[in-house]
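Letters A, B, C, D, E, F, G and H name the chains as they come in the text, with residue numbers starting at 1 for each one.
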Amino acid sequence: MNSDIKDLLLGVKNGDIEIEKALLKLKEKPFTDIDIAKIDNHRKIMQGTAEIIYGEGKTYEQINKIIAAMKNAGQERILITRLSNEKAEKIKESFDITYDKLSKVAYSGELKKPDGLGTVIVASAGTSDLPVAREAMLTLKFLGNEVKELNDVGVSGLHRLLSYLDDIASAKVIIAIAGMEGALASVIAGLADCPVIAVPTSVGYGASFEGVTALLSMMNSCASGVSVVNIDNGFGAGYTASMINHMEA
Amino acid sequence: MNSDIKDLLLGVKNGDIEIEKALLKLKEKPFTDIDIAKIDNHRKIMQGTAEIIYGEGKTYEQINKIIAAMKNAGQERILITRLSNEKAEKIKESFDITYDKLSKVAYSGELKKPDGLGTVIVASAGTSDLPVAREAMLTLKFLGNEVKELNDVGVSGLHRLLSYLDDIASAKVIIAIAGMEGALASVIAGLADCPVIAVPTSVGYGASFEGVTALLSMMNSCASGVSVVNIDNGFGAGYTASMINHMEA
Amino acid sequence: MNSDIKDLLLGVKNGDIEIEKALLKLKEKPFTDIDIAKIDNHRKIMQGTAEIIYGEGKTYEQINKIIAAMKNAGQERILITRLSNEKAEKIKESFDITYDKLSKVAYSGELKKPDGLGTVIVASAGTSDLPVAREAMLTLKFLGNEVKELNDVGVSGLHRLLSYLDDIASAKVIIAIAGMEGALASVIAGLADCPVIAVPTSVGYGASFEGVTALLSMMNSCASGVSVVNIDNGFGAGYTASMINHMEA
Amino acid sequence: MNSDIKDLLLGVKNGDIEIEKALLKLKEKPFTDIDIAKIDNHRKIMQGTAEIIYGEGKTYEQINKIIAAMKNAGQERILITRLSNEKAEKIKESFDITYDKLSKVAYSGELKKPDGLGTVIVASAGTSDLPVAREAMLTLKFLGNEVKELNDVGVSGLHRLLSYLDDIASAKVIIAIAGMEGALASVIAGLADCPVIAVPTSVGYGASFEGVTALLSMMNSCASGVSVVNIDNGFGAGYTASMINHMEA
Amino acid sequence: MNSDIKDLLLGVKNGDIEIEKALLKLKEKPFTDIDIAKIDNHRKIMQGTAEIIYGEGKTYEQINKIIAAMKNAGQERILITRLSNEKAEKIKESFDITYDKLSKVAYSGELKKPDGLGTVIVASAGTSDLPVAREAMLTLKFLGNEVKELNDVGVSGLHRLLSYLDDIASAKVIIAIAGMEGALASVIAGLADCPVIAVPTSVGYGASFEGVTALLSMMNSCASGVSVVNIDNGFGAGYTASMINHMEA
Amino acid sequence: MNSDIKDLLLGVKNGDIEIEKALLKLKEKPFTDIDIAKIDNHRKIMQGTAEIIYGEGKTYEQINKIIAAMKNAGQERILITRLSNEKAEKIKESFDITYDKLSKVAYSGELKKPDGLGTVIVASAGTSDLPVAREAMLTLKFLGNEVKELNDVGVSGLHRLLSYLDDIASAKVIIAIAGMEGALASVIAGLADCPVIAVPTSVGYGASFEGVTALLSMMNSCASGVSVVNIDNGFGAGYTASMINHMEA
Amino acid sequence: MNSDIKDLLLGVKNGDIEIEKALLKLKEKPFTDIDIAKIDNHRKIMQGTAEIIYGEGKTYEQINKIIAAMKNAGQERILITRLSNEKAEKIKESFDITYDKLSKVAYSGELKKPDGLGTVIVASAGTSDLPVAREAMLTLKFLGNEVKELNDVGVSGLHRLLSYLDDIASAKVIIAIAGMEGALASVIAGLADCPVIAVPTSVGYGASFEGVTALLSMMNSCASGVSVVNIDNGFGAGYTASMINHMEA
Amino acid sequence: MNSDIKDLLLGVKNGDIEIEKALLKLKEKPFTDIDIAKIDNHRKIMQGTAEIIYGEGKTYEQINKIIAAMKNAGQERILITRLSNEKAEKIKESFDITYDKLSKVAYSGELKKPDGLGTVIVASAGTSDLPVAREAMLTLKFLGNEVKELNDVGVSGLHRLLSYLDDIASAKVIIAIAGMEGALASVIAGLADCPVIAVPTSVGYGASFEGVTALLSMMNSCASGVSVVNIDNGFGAGYTASMINHMEA
């Protein structure tokens, strides 16, 4: 941003820009205010997350407005998470989106051709963890990552997980998704030599406390290289994994 | 107890026992009341736990009184758990006990020759879990069990645990002891084909909450055959494991 | 598994098996991967739980696929827990299953003739605990155990429980099921001389916290021989009790 | 208080009392303000608890000041709870008090001759619960109650408790004191036909959470007639029990 | 019960009762086992709660069976709590019951003429606490108590509560019902000179945690004479209050 | 209130008021008791909150009765919070109210012309926090405050918040509304020089625990000048902010 | 800050300021970095809290360095909170500070002459709450407020609190400090007509959970105008109260 | 590992290796068992964490034994975390280690020359967070990373943090360390375009719950790219950050 300010000051000095205008520019909001939300106009200024919409707690009308504002600002590819089937149907009437029922993820535009360092593994413990795994996978693919899914590899049947030792050894990042006791993250991190992002899920009953037990368990992993995101936050794990898989010197 | 009552009633019928005395007998307390505690006189009536003293929260004078009352009632072998080194030293002045500093377990008399169905494995995740593992092991040996210890076999280095697959496969009962994320119980239960008693430990920091995370994690084990005892309760696990290892047709 | 590896190596030495094939075999997955799940082909390899399906969080189509894969692998007897009535109706269209509405347990094939060491008691505190008690009972019967049910024997009316002292004294294992304050486990364990598996239930209101109070209470049992499974986990208790009731020298 | 106001108004009407004085009187503080505390001058105005000092969190100097102010106001009998041995020694230098180390209760003056409806039972589960039981007992005796103690009658050895069925049946109020799983309250309430005041204690370890488990357990008692006071609050239970034991038509 | 046993033994001695029969009698269950529940036949043996049915978690068919068994055993007056309107309608088809929608309390037979020591006050903080207050009130009236209700007397408008000082001063027992911060119990106990039974309610939102905050608050009352029952447990408070209001020398 | 008492006493002295009547007056309830609630007749006696009705947990009939009683007592302007759309429709049949669906706030009469010290800012972190923000805003406007809303200014896009630095600097009070991690309050308080009232919202999922995380986070604000109200309590924040914005010397 | 930027740009335009220097100035850090901390040089830029040091978790050497840096920047009056007696003694060797043992508050320079709108009341429930009350009071006096303390006015003896009705009615802000059930805040807010800042304290035992119960209770106050700060945060309450008491049009 | 197995099989086929020996080799433990611990002999087999010792809960004798075994296996560089000063002094008697008192980190050998992709920022909110920041920094340096520390940049004084915008923008990974409300992670992640690893610290008091509030807050970050490690786990954050900073194509 420094260079922007420098240009601005240079313009002021040269008399190309009036002081009042420069002052205004400095205070100018780098976003479009559509009342219910503020849309960033300049993707990659700040965090570059502008093209992602968190669908929960927004009406489809609100989401439509945000999509319109984004498209208006030139954004072609938009990812929408936690979008109910019902809202997706409504939005489809106005925009061309691809929707995945299992994960409740929608996107406008194409998935991005993989351009990361290598493969990201999305490993999940049981069949009920699939929606979260799928959310992570679609986020990763939207952001340009090669993904390999390992489903139903929970630690109570270790031989299933161990049969993928080669994949685990060659992954760049691994997302470990599990509810109940959440032991998958520790076991994978012990086998892998890359960052492991753990996602607790709300799968389970009784003392699983809708994912809290898995979250705490993952937080206490005795294996190094594990960091944790919120319960059921497949998107967050995918986003961070993509960042890591796109590290540059 | 039925037969006792039957004998009593028979005695009454035959006139061998007066009614008042029978009534008294029926109400007679099957324990010695030494004011601070009530000592069961007839071992194996009820639960047979009479020979075990929980040392915490009792003064050494109180413990001495209880030991004396037990010995008076003919009990030679007594196990004392959670006994501080300080109290143990004091008690040694009056009674002949063996004391283990690491686990804070003491016992009077000899350990019992193994007479169970087979071997009980006491597996613990890390070096800091050793005191609890030792408490379980001494309890098992006191109660007549063959024991094999597996130390430092936490799931972050799976190869260490897997090197004992044979032992795990042939055990009669396994006690799995772990703090932090407590994943050891699930992994072992997935590998074994016998009951697994999980003991969460207070080892860890931060979100381990002094063993609560491990407890919850173990409670939610996705592997079958796991049941859980209280945090750091090596004695309880050992006692139950011994019961199982002494099952009879 | 050792002998398998030995045979394999012997084959390699003898030239009966090519190295590449042996390598492949060693890595071969001992399960059928049907995408949504991985079905163990060799029952009793690992934990032998292959014939049990946890129905919650799976669609009936997924369950149908899993049953088909299991049957394909030669499994006749399959137990399905936490299966809603609705899904059960759908599954019945494809497979011949017996379904119990109260406990939401279904099974394919016959219950197994009792072949355990003795009788397992399933004791529950109140009428509302019956679904969990039934789940435990059906699991036990499916796994070949003689079962005796004691219903509505909560500790607030001790005479009801005490009237079964003989049964309690002669049981091989006891499952104690209770919500609210969960005191039943301690009282039974004090009366019995066998392992007691405590199952907290989500029965109650207010500070029962959907079973958490009962769970904590059971965890702190002052009686020895008690271990605990997750809230409402009748299956887990039944499975472990069956393991204990089938102990062999 | 009505009659006081009536007298006051009568006085004003008669001219015996000046308006300003009456106004003052109505606002007059019915306590002595000694800066660190406000001492009620008229025992039995309001709650009549004026003669009780909660010792924790007060220095012995502060307590001395409060005793002095009370004695100055004519109070002979004073009960001090949660008073450390150290402070008690210091206070003894100034006042004549009786101090009980086990319960940390002190009192000035004599215990009161029993004048209640009948006997109050103070039942406690284990040896470690004795300090709380003693606090309840001394409170009861200070307030004029006949007390019977039942120690070490925890539910894991039911025969000990059952041997006191007669006492339980004839009690006017029962205080049930227990840590760990706190089951004693439910069992006693099931046997008794009088109000049971449950006192959870901080005795236990791990998932006993310093009395919280016992508290929750007692809160969920399936037996009627149970109400609960704070953890380790022997005084509160004794005070309430005394109120009940002194009910008048 | 002693006299029963004495008679029995006497009968045995006299030869009036055969030993086998006496033995049987001693073991005889003092309840009717209707499979889903065990109905006490002898009201007032044990706790005398036989005439109360907790409706939640029972189907109307189960409740009907229990009512029938009770009536069969001679019981005319039965109280049913937590009975949904729907179930009440169904039960009315078989039995003559009075049903109160607000509190979900039903009863068969008449309310009992007040025969207690005096008046029990049922004070509640706000309009939303009325269902719990009503449950307490109906329980009290069913059990023969004079009741006075004080509604909407929460502490944020102290003048409303203070206007009932006379009633508070002359009450025999007070039930204080409040959600949110639960301060009502402390304030009332400070004004009264009789036992106060505090009932936290699940009224509130956010950090009221469905009554937990009120429960904890009441548990920590700085006023003496307060004991607490479970969240929304109007019945429990009423039952205990009735016991206290019926104390006899 | 003193002067009232003084007048009363003066009247008594002068003989203008009979003693019995004065006594009655002193005890007279300054509210109308409509059975389900007690309506304060004298607004601004005590807390002046008489014109506000908390709609949750009250039926529309109850609310209608309360409105009628209030209007009867001369109150024109009434604010109703947490009123469902359904109840609002019903109430509109009897009374003329303005209803806002988003915040579920209704009011009778006009909003009040701003008469405070300056502007109150209502800043909210995301689109889903709007209902709470609106409740705060309407409360403020009802109570006579100039309000400025800042929506969607969550801390993950700091430039949006920073673009309003001028507004923040000149505000008299700021209400900071946020769910999830609740960081908005701290950041705003660091930028502002006026009291900040933080409102946690139940927006979020997983470990947001329906607002508890935001509440705790706000409670621990490292910036001075922050105080916190209950989760989703937009009304409470608005009410307090209005008090502050109307401070007088 | 706008005008600063404007001046800067003007300078650039006029050629008075070089572009590079302007750029630097814009980035210039408005604080002194003393490695362990960053000291704001311009008091009242941003939040004006520069003169306050939080003493806990800092060594006396670190505090000395910060004081020195502050004094160097021209600050005479400095408030230090949570300063142990030991550290205070050490700091006194280098600087002239006034230290209050009870509240662990120290300050350099003079207390400020009251210049607020009126009186702030600091009301605390019991003797053990005095340290927190004192911290609030000293903060208020340091920041220029007239303060009135009301000690030992807990709600269990309502007459003590009610005797100060006049003070409560005329206060500008009230700080209500209480542990245990924290009811004081609600009761005072119901009596007052000004903002009430509630401070939960860690006073109590058992289920007071070191202030959490009081915090939750205060959070749920049924009286309007209450906002809450962290447990034992007397400083925070004093700081906010001072802000409110210094409101200007 | 595949190639190892292949070689082994090849050897068997060729007759170079006997079957029994191959079998043994396959089962051979790739670690040295020194009773109290199992030391991995082959660094970088599995997770490569072999050179790190967690010092807490181990005696200095145990640590000495582990160091000796590691050195024996050829390891020169060893990192020891959570090592008390006392133990460090003892270990220094036997080994040449560098010890940092603030972070309680020790290491044998040299720090590693930076060979990562770029700079890792370690940002901490306040002075009290320094020990955790230092642990992260030393871990990073030990593992070969360029590190930049930003101390005392908590969000309540945003200008301090904003003055480092350039550093934040150019970092490869950022570790954000904060106690209390933990808002730093969200704010930094909003400004940065790289992975942010959040470390909650146990700094704070009252409702900070020794870091739990910060942990939950960070878990709920509204900014993308944030993942979280355990409370005070500076090592874990450093280890993971180093992994990310050493990503290779």
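Definition applied: a contact is a pair of C-beta atoms (placed from the backbone, for glycine too) under 8 Å apart; a residue touches a chain by one contact, two chains touch by 3 or more.
Keep in mind the model is a prediction, meaning the values are calculated, not measured.
Visitor: What chains do chain B and chain E have as common neighbours?
Guide: Of all the chains present, those in contact with both chain B and chain E are C, D.
Visitor: With respect to inter-chain C-beta contacts, which pair, A-B or A-C, contains the greater number?
Guide: Top pair by contacting C-beta pairs is A-B.
Visitor: Given that chain C and chain D are copies of one sequence and touch, is their interface built from the same residue numbers on both sides (over half shared) or different ones?
Guide: The interface is built from the same residue numbers on each side, given that over half of them are used by both copies.
Visitor: In whole angstrom, how far does the Cα centroid of chain F sit from the Cα centroid of chain G?
Guide: Chain F and chain G have C-alpha centres separated by 25 Å.
Visitor: So how far apart, in whole Å, are chain C and chain H when each is placed at the average of its C-alpha atoms?
Guide: For chain C versus chain H, the centre distance works out to 41 Å.
Visitor: For chain H, jot down the residues that touch at least 2 other chains.
Guide: If we look for residues of chain H contacting two or more partner chains, we find 2, 27, 46-47, 49, 126, 156-158, 189-191, 206-208, 212, 215, 219-220, 223-224, 230.
Visitor: Strictly by the criterion at the top, what is the full list of touching chain pairs?
Guide: A-B, A-C, A-F, A-G, A-H, B-C, B-D, B-E, B-H, C-D, C-E, C-H, D-E, D-F, D-G, E-F, E-G, F-G, F-H, G-H
Visitor: How about chain D: which of its residues touch chain E in the complex?
Guide: For this pair, the touching residues of chain D are 1-2, 44, 46-49, 52, 117-118, 165-166, 172, 189-195, 197, 215, 219-220, 223-230, 235-237, 239-240, 243-245, 247-249.
Visitor: Over in the complex, which chain D residues touch chain C? Could you list them?
Guide: Residue positions touching the partner: 125-126, 154-158, 180-183, 186-187, 189-191, 204, 206-209, 212-214, 216-224.
Visitor: Which of the residues in chain G come into contact with chain H in the complex?
Guide: Those in contact with chain H are residues 27-31, 35-38, 40, 45-47, 49, 56-58, 62, 200, 202, 210-212, 215, 230-233.
Visitor: If we count contacts the way the header does, which residues on chain H are in touch with chain G in the complex?
Guide: Going by the criterion above, the answer is residues 126-128, 130, 151-153, 156-160, 163, 203, 205-208.
Visitor: Under the stated contact criterion, what part of chain B meets chain E in this complex?
Guide: Touch residues, chain B against chain E: 2, 5-6, 9-10, 12-13, 15, 19, 22-23, 26-27.
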